[in-house]
Amino acid sequence: MFGARFRRENSIWLRDNRRMATLGLIEYQHASSEVRAVFDDIMTTRQTDTINNFWKALAHDPKTLRRTWQSIKEIMAPGALDAVTKEMIYLAVSATNQCGYCIASHTAAARKAGMNDAMLAELMAVVGMANETNRLASGYQVEVDERFRS
Amino acid sequence: MFGARFRRENSIWLRDNRRMATLGLIEYQHASSEVRAVFDDIMTTRQTDTINNFWKALAHDPKTLRRTWQSIKEIMAPGALDAVTKEMIYLAVSATNQCGYCIASHTAAARKAGMNDAMLAELMAVVGMANETNRLASGYQVEVDERFRS
Amino acid sequence: MFGARFRRENSIWLRDNRRMATLGLIEYQHASSEVRAVFDDIMTTRQTDTINNFWKALAHDPKTLRRTWQSIKEIMAPGALDAVTKEMIYLAVSATNQCGYCIASHTAAARKAGMNDAMLAELMAVVGMANETNRLASGYQVEVDERFRS
Amino acid sequence: MFGARFRRENSIWLRDNRRMATLGLIEYQHASSEVRAVFDDIMTTRQTDTINNFWKALAHDPKTLRRTWQSIKEIMAPGALDAVTKEMIYLAVSATNQCGYCIASHTAAARKAGMNDAMLAELMAVVGMANETNRLASGYQVEVDERFRS
Amino acid sequence: MFGARFRRENSIWLRDNRRMATLGLIEYQHASSEVRAVFDDIMTTRQTDTINNFWKALAHDPKTLRRTWQSIKEIMAPGALDAVTKEMIYLAVSATNQCGYCIASHTAAARKAGMNDAMLAELMAVVGMANETNRLASGYQVEVDERFRS
Amino acid sequence: MFGARFRRENSIWLRDNRRMATLGLIEYQHASSEVRAVFDDIMTTRQTDTINNFWKALAHDPKTLRRTWQSIKEIMAPGALDAVTKEMIYLAVSATNQCGYCIASHTAAARKAGMNDAMLAELMAVVGMANETNRLASGYQVEVDERFRS
């Protein structure tokens, strides 16, 4: 009887842990030097000592890991738009797509870049309204105004 | 012969024009006083003398017209985020949803609020990248990092 | 000079017409007997003498044509839900997905089944609101209430 | 000792709770009078003594809470469409967008409004089919029939 | 110590079980003969002795169960495209839609059909890139090239 | 009278042409050397003498042009998956997202890589079915099978 309960308990615990990335996560200590180089650059650029699960999952495909990181590094660097604006746009897209992982990670990233609760609230209000009017415009089959075509 | 060509020419013109909103567009001069009040407020608030087709299409449902305008007026007013940031977030959502009408109208609105070509280009780069990584995170079934849950 | 204008005129007309389905449309008179059997059943079931472009495009793949028609015929038949409710749900999905063709064709179908302008307006208001709150719920990462899980 | 163990137990339970709304949930007893007024109206209108997590999460932004509730209250009231039809359309949109929270809460709401299992099944069949044909129409690049444009 | 384990066990177990399909799952032994006939065909066709939760959930609507299975059986059979290509396309769509259930089940199905880790990685890279450029094309309002319209 | 007709005719032609990319298209002869280098690489790699409008639109942002092309070039090169499979996956994603431009351009690209009409038809059938069952799985709130989590 105890055995039965114990097995059940373990299987529950394991089951919860097994909700993992398709190919699993590669931790720094088990990573190839190619992957470590990207992980190092991520930690240096972002001034952190942690690597998000996203990168650990992509590490199974070092080419995609490297390319995706290089693209994000280039795109998210301050330019005509500052860092917090870029992170909020990233979050707005993720909320629109309803990507759980990305909403969680980019809420954290946007906050780190300076988004406070009031900014988050206004961001979400705009995201909600845009998603509403996108469907009203499409649903009513509204034709584009002539002056928006020039 | 001229007649035949003329009719064909006309049929082209008409066909193009018939790509119109499901219920048609209500112009100011044909609008009820309830609708005109909203149109007036839109033109005053936005300091313009034109009404977008979107509002003319919604005018068939005065309650939705009024409610949608009131919500947008409240949401898009500068607060914790400034007007151009809000318009860019609106555009980012519209590009993600691929709403043709909304991309056209909010590109114009964002520009009016101060978005230049360089800002547009960076905005689109972030939108593209976010849409890419949203699917990588979901496709690889990446579990949310513990520290993003607190 | 007239010739030049005429050719330009023609090129407009042709270009517009060339926006056609990938594999083109198969008209009844050119259809195989297998395709004609489906077209006949569509016209009989829907009590009409026209075939939508959708079916004419699918006619290039008779198996998909037959299977899709059989499925729609079965699903859209009145049952626990009546015909107009089903057509309105179809339209709500199409507006959410922003499928231009489907919004156009199912607006027509819903009207034929009994949807009037007031019903259309309320339908679109619900569609818009649902698309808004879907993103607010996801964007704020709201956890499902315990009582909705049982 | 029991205390320590109990807390650990609680901490597991809490961890589940920590998968919580970005800004957390505001319970009635901790809510401002502005928020309580909305909560009271929700409970009165819906004839219930519970507040969904969605509203508790939005309570961090009282303006959005109020506006969203007022809009939903207005839109979901019976009019040209009855309450259960409106809730089923809401559910159809939520299923199309795959919003977990909204599917759970609006399945409950639609049932409360009168949707039974047979209606749910037919609703989902329509939603599935519409999502399929939306992509067939787009994928085959089917042009809109002339008669749907008038 | 036992007490701690026991309580932990119970609270976890209950929580996990309550995340279930709207109408629950129908197991083979409780299924009607109509449902069993479909279950039998699934197991024979797929050479397996397990039925996915998806089919167990659909079993509440035997007509949708039968029609969906017949469609999938017909569509996924090798033809102009082989089985693994079809499963990978299914997975690409599911990752684009971010359907958690479908990503999990079709990752398994694609692997069973022959997809290895390298193929999965390239598939996801294409899915990510396509989602990115879809929004760049829409966001920049790029008009279709003349030569793609013929 | 002729003049009036002529102007109307012209206005049609112009209006059609004005449906152009937000920032317009940059042709080779007006491109900077940085942009020309990318255009040259595209034409060499793809063995063509035409540049798609997509690249001409992106040319306004040379960094995004270069990065996007480099990524596509790397991702779409044959590897564990061959070229036609990759192009079909690209098309499957574009059809799911209903991106008009991308469906048109990647239908052409997939055909150039070897996709025939029968393959296109099977591809679209899978895309349609996947979009249907994605919503059935989400709509019925089907929980992931234990064996898909390992």
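Going in written order, the chains are labelled A, B, C, D, E and F, and every chain counts its residues from 1.
By definition in this document, a contact is a pair of C-beta atoms (placed from the backbone, for glycine too) under 8 Å apart; a residue touches a chain by one contact, two chains touch by 3 or more.
Note that the structure is predicted; figures quoted are calculated from it, not measured.
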| item | value |
| --- | --- |
| Repeat of interface C-F, chosen from A-C, B-D or B-F - more than half of residue-number contact pairs shared | B-F |
| Chain pair, B-D or B-E, that carries the greater number of C-beta contacts | B-E |
| Fraction-based call for chain D against chain A, same above half, different below | different |
| Euclidean distance of C-alpha centroids - chain A vs chain E, Å | 23 |
| Distance between the centres, which are taken as Cα means, of chain D and chain C, whole angstrom | 26 |
| Set of chain F residues in contact with two or more other chains | 9, 12, 15-16, 19-20, 22-23, 63-64, 68, 71, 96-100, 104, 107, 121, 124-125, 127-129, 131-134, 136, 138-141, 149 |
| Residue ranges of chain E in contact with chain B within the complex | 91, 95-96, 98, 100, 103-104, 107, 124, 127-129, 131-136, 138-141 |
| For the chain A and chain D complex, residues of the former touching the latter | 98, 107, 117, 120-121, 124-125, 128 |
| Of all residues in chain A, those that touch chain F in their complex | 15, 18-20, 63, 67, 71, 74, 146, 149-150 |
| Partner chain B, residues of chain A touching it in the complex | 19-23, 50, 52-54, 57-58, 64, 68, 71-72, 75-76, 79-81, 85-86, 88-90, 92-94, 96-97, 99-102, 104-108, 116, 118-119, 121-123, 125-127, 129-134, 136-145, 147-149 |
| Of chain B, residues touching chain C in the complex | 5, 8-9, 12, 15-16, 22-23, 60-61, 63-64, 68, 97-99 |
